[in-house]
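Pasting the structures here.
In the two assemblies presented below, subunit A is common to both, partnered first by subunit B and then by subunit C.
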Partner chain A sequence: MAKNCNFLVIFQCKHQSIVLQLAQYTLRKSPVPDCNRCSCFVRNAALESSGMALPKAVKTGTTICGIVFKDGVILGADTRATDGSTVASLNCQKIHYLAPNMYCCGAGTAADTEQTTKLISSNLELHSLNTGRQAPLSTALKMLAQMLFKYQGHISAALVLGGVDRLGPHIYSVHPHGSVDRLPYVTMGSGSLAAMAVFESRYRPNMELEEGKKLVRDAIAAGIFNDLGSGTNVDLCVITKDGAQMLRPYDVANVKGARQERYRFKRGTTAVLKTRLRKFDVQEEEVVSMDTSEASGSA
Partner chain B sequence: MMWKIPEGGHSPLVFIKIPMFLCCGHLDFKHLTSTMDLMPLQASQPFDPSKYRYTGPNVQPRQLPNTRSQAPITTGTSVIGLQFDGGVMIAADKLGSYGSLARYQNIGRLMRVNDHVILGCTGDYADFQFLRDIIDQKMIDEECLDDGIVTRAPALHCWLTRVLYNRRSRFDPLWTTFVVGGLDDDGKPFLGFVDKLGTAYTAPQIVSGMGGHLATPLLREKMEGQPPLSEEAARELLIRCMTVCYYRDCRAFSKFQIATLKAGSIKIEDDLEVKGDWEVAHFSKEHA
Partner chain C sequence: MTERREYGAVDRLTHGLQAGRPQADAPVHPVQSAVARQERLEAGLRSDWLRQVQGVHAPLRLHAEKRAASRVGRLPFLQSSNIMMDTLTGRDETLDFSDYLGAVDASEVMGQPHAVVEKSLGLL
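After this line comes the complex of A and B, so read on.
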């Protein structure tokens, strides 16, 4: 049997045959490649050339946005994840935690946004423990931008970073190739034009909290109802100097319709040919579990 | 004898008839052989076509189908149209872009067809002028007929659909998107869309071009599920949409027109300008 660390990876996805194909590949290929020289890229290329269809990346096809209001920032996102033209997830979370005072919305490939924000979140925690103070937003921004630039856009993560630090509330947008913009209102994702239209017509500086929440909700709703890549609910995250408040869902814009009737088949739909009655003697069995932990008093 | 080339620059057919004896100095006949040179005293040989072949530079036969329009040249950006209580309103800016050059800054992309129909055009401006001339001629013919039947918006919309679809089926599209507005036969507001593929539909709000992504959400938010807008509210909404399009469309322009059609009257306002609010520039400092 091939002893190769690579082939122990199991894909968790709807393509059942991938595990089977991996197994077949393992049996087919000999001699066994040297573990020291193996790499994921080599393996993936070899798998693809042997005829296996690799799983598609799940994109988020999103509307995300953020604004600066009087006391802080408000981030908003929709909750639909798409896999091609199928909705992969009705209610995924696109506002990711970076630090107690910073959250990051992500559009693009779902895995890329998730892992990038997790990585930077860990690094921020280490950084803040190292320096002994709360990291400013520009630290997270630099980490994100430098990482994305390093990968030259192959990490498809378009992010809206928002938070409040000792210098005040900030919103930044980070593009997959690593460029950043600091603006009072930003939108990203496939629904960004719809959301930006709402912002351009209604944004004012120094809005109140409720007005700001309504504006962000309306911008995401414009994306949900006018863009096919966005849908379902609106999530908000309000960050002020007192902390962050995650409102998930803030607005359930699309409620799944209730079934109108019972769709069971009526009795008699399938004709009954024969009826036979058998009597069984049912003996009840009760299982009593014993408490075998050390804390119990009995021997 | 040359046909007069119509104004507008785009003339589809120009017949130039120059008598042969006037242009010996310019046309080159050495590639053609004359029958006179080869005819023997007695025409006893059978006709040999190989002696009369064209031997000059390689000339391609005409490619069929005629794929004239592969890309638009001078283009106009979005046209926004919406229905209000008692009429329709269409707005378009006054820019003809030459790629990314803002070349013609005072062209009208809205057209008054007759007393009952207005339309706006996105896309290639030359194709718009071509169709505009044809539509103008149609209206003249209709007036001459004087039979009491007038072309209304649904009829013109249908005709445009057929014209554009047929052109696309011949792989020679008119690279334009039209927004046709007017009142239908029952007096209700009508707004129709036709694009270069012949896709056609009607809706209470129609936006062609890039504004489709920007203005459509704004229009739908204000109009869906609501009673019909008044004329002032519609005009204000239209100006707001033109402003947003000016902010976010690279090929948009600040000067624009609005055409309003109500029962019995058409008004085209020609000298409107988007007043931009650039306060946001102060916020966009260099990031820390």
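After this line comes the complex of A and C, so read on.
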């Protein structure tokens, strides 16, 4: 049981371990208490060297992609989250909100993509309140890329950023170490090669909306059916200058088979040999508790 | 780094009694030093930009104000909110991981309570 407890503590710790310790060591903090000397990182390293297998972070072995079409951008993602070789979540959301005109798909460690996009989303809101205008896509891109570079790739977040601002529709891909690419179509994640194969053969500039949605759906489906780390549903997000529309799920590609009949046994399948009826006299006791503490009522 | 002799010993006469021991503020993770270095570089970039745009007086004045803000005259057991420093560096208008993670009272490891309190009060 003690071993179990350790496991739980470390599990909870490992997910946040990088950013949690860094938060503890920032300049803003005044006296650092002694317990930080035995920090999570040091303890985890010691346990690992003594032979204990540390739990793996929940990753989104993923297929995410984005294209630019005639009126805007379309982002697509699958919905499977994996924990090693186990499916941790069948229907997780990988398209994250950044701003009303910007969404970001995330691949890599699930906690890292979630926390990163939430932080940048909050910073974008503060930024637009400060400047009094809607932030362009390049602001979000700079924030993301500079933050990921600052953490030197330890934040394992590979992102597809897409949106429409006053300069038009754009799609960017951001890698965990902080490099960015601006392209008309991008794919990321473990199923990126399958999705990119679909894009390379069928993408054309200035597609219509329905054609674009079908293309992204097919690219994600290629990842779902050919990559073990991606699965279940296809989520889409269509962003135009009029706003963003989340289609979740756009396509349930993997429907679990429905049972054809009732597979229960009929009554009488097992023959009854003997029947005996016994009557029980049930006596019930009801316990009424009295408040005998000193503070109750008048003494 | 102090020079180590045979069996890892350190010359305490030259380097002090605390030499060779793991320091309290030593970096425990490679990202720690990377982040600190990046923040230094970014502050330097902002300072250079300010010099080019407004002239050499601007970074000098800002640096003087920051120096004044960092010398908070509080008693040992009273912690400062660092509001002036945050305003000068711009940290009051951005969010960082340390704004919602890493609160000492929510730490999952517990030190010896008496030692922690004494350390934070400055008695230890």
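Everything below uses one rule, namely that the second predicted complex is superposed on the first by the 204 of 299 C-alpha atoms of A that agree within 3 Å, B and C clash if a C-alpha of one lies under 4 Å from a C-alpha of the other, contacts with A are read in each partner's own complex, and residues count from 1 in each chain.
Throughout what follows, a contact is a pair of C-beta atoms (placed from the backbone, for glycine too) under 8 Å apart; a residue touches a chain by one contact, two chains touch by 3 or more.
All values derive from a computational prediction rather than experimental measurement.
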| item | value |
| --- | --- |
| Which of subunit B and subunit C A:V180 touches, first, second, both or neither | first |
| Which of subunit B and subunit C A:L167 touches, first, second, both or neither | first |
| Subunit B versus subunit C as contact partner of A:N254, first or second or both or neither | neither |
| Which of subunit B and subunit C A:E200 touches, first, second, both or neither | first |
| Which superposed partner A:F41 touches (first subunit B, second subunit C, both, neither) | second |
| Which superposed partner A:F225 touches (first subunit B, second subunit C, both, neither) | first |
| Partner contacting more residues of subunit A (subunit B vs subunit C) | C |
| Which of subunit B and subunit C A:N130 touches, first, second, both or neither | second |
| Contacting residues of subunit B [partner subunit A, same complex] | 213-218, 220-221, 240, 243-244, 247-248, 279-280, 283-288 |
| In the complex, subunit C residues that touch subunit A | 22, 24-25, 27-32, 34-35, 38-39, 79-80, 82, 86, 91, 93-98, 101-102, 104, 107-112, 115-116, 119-120, 122 |
| Residues of subunit A defined as touching subunit B within the complex | 68, 136-138, 141, 167, 172, 180-185, 193-194, 196-198, 200-201, 205, 218, 222-223, 225-226 |
| Subunit A to subunit C touching residues, read off their complex | 9, 12-13, 16, 18-43, 115, 119, 122-123, 126, 130, 149-152, 154 |
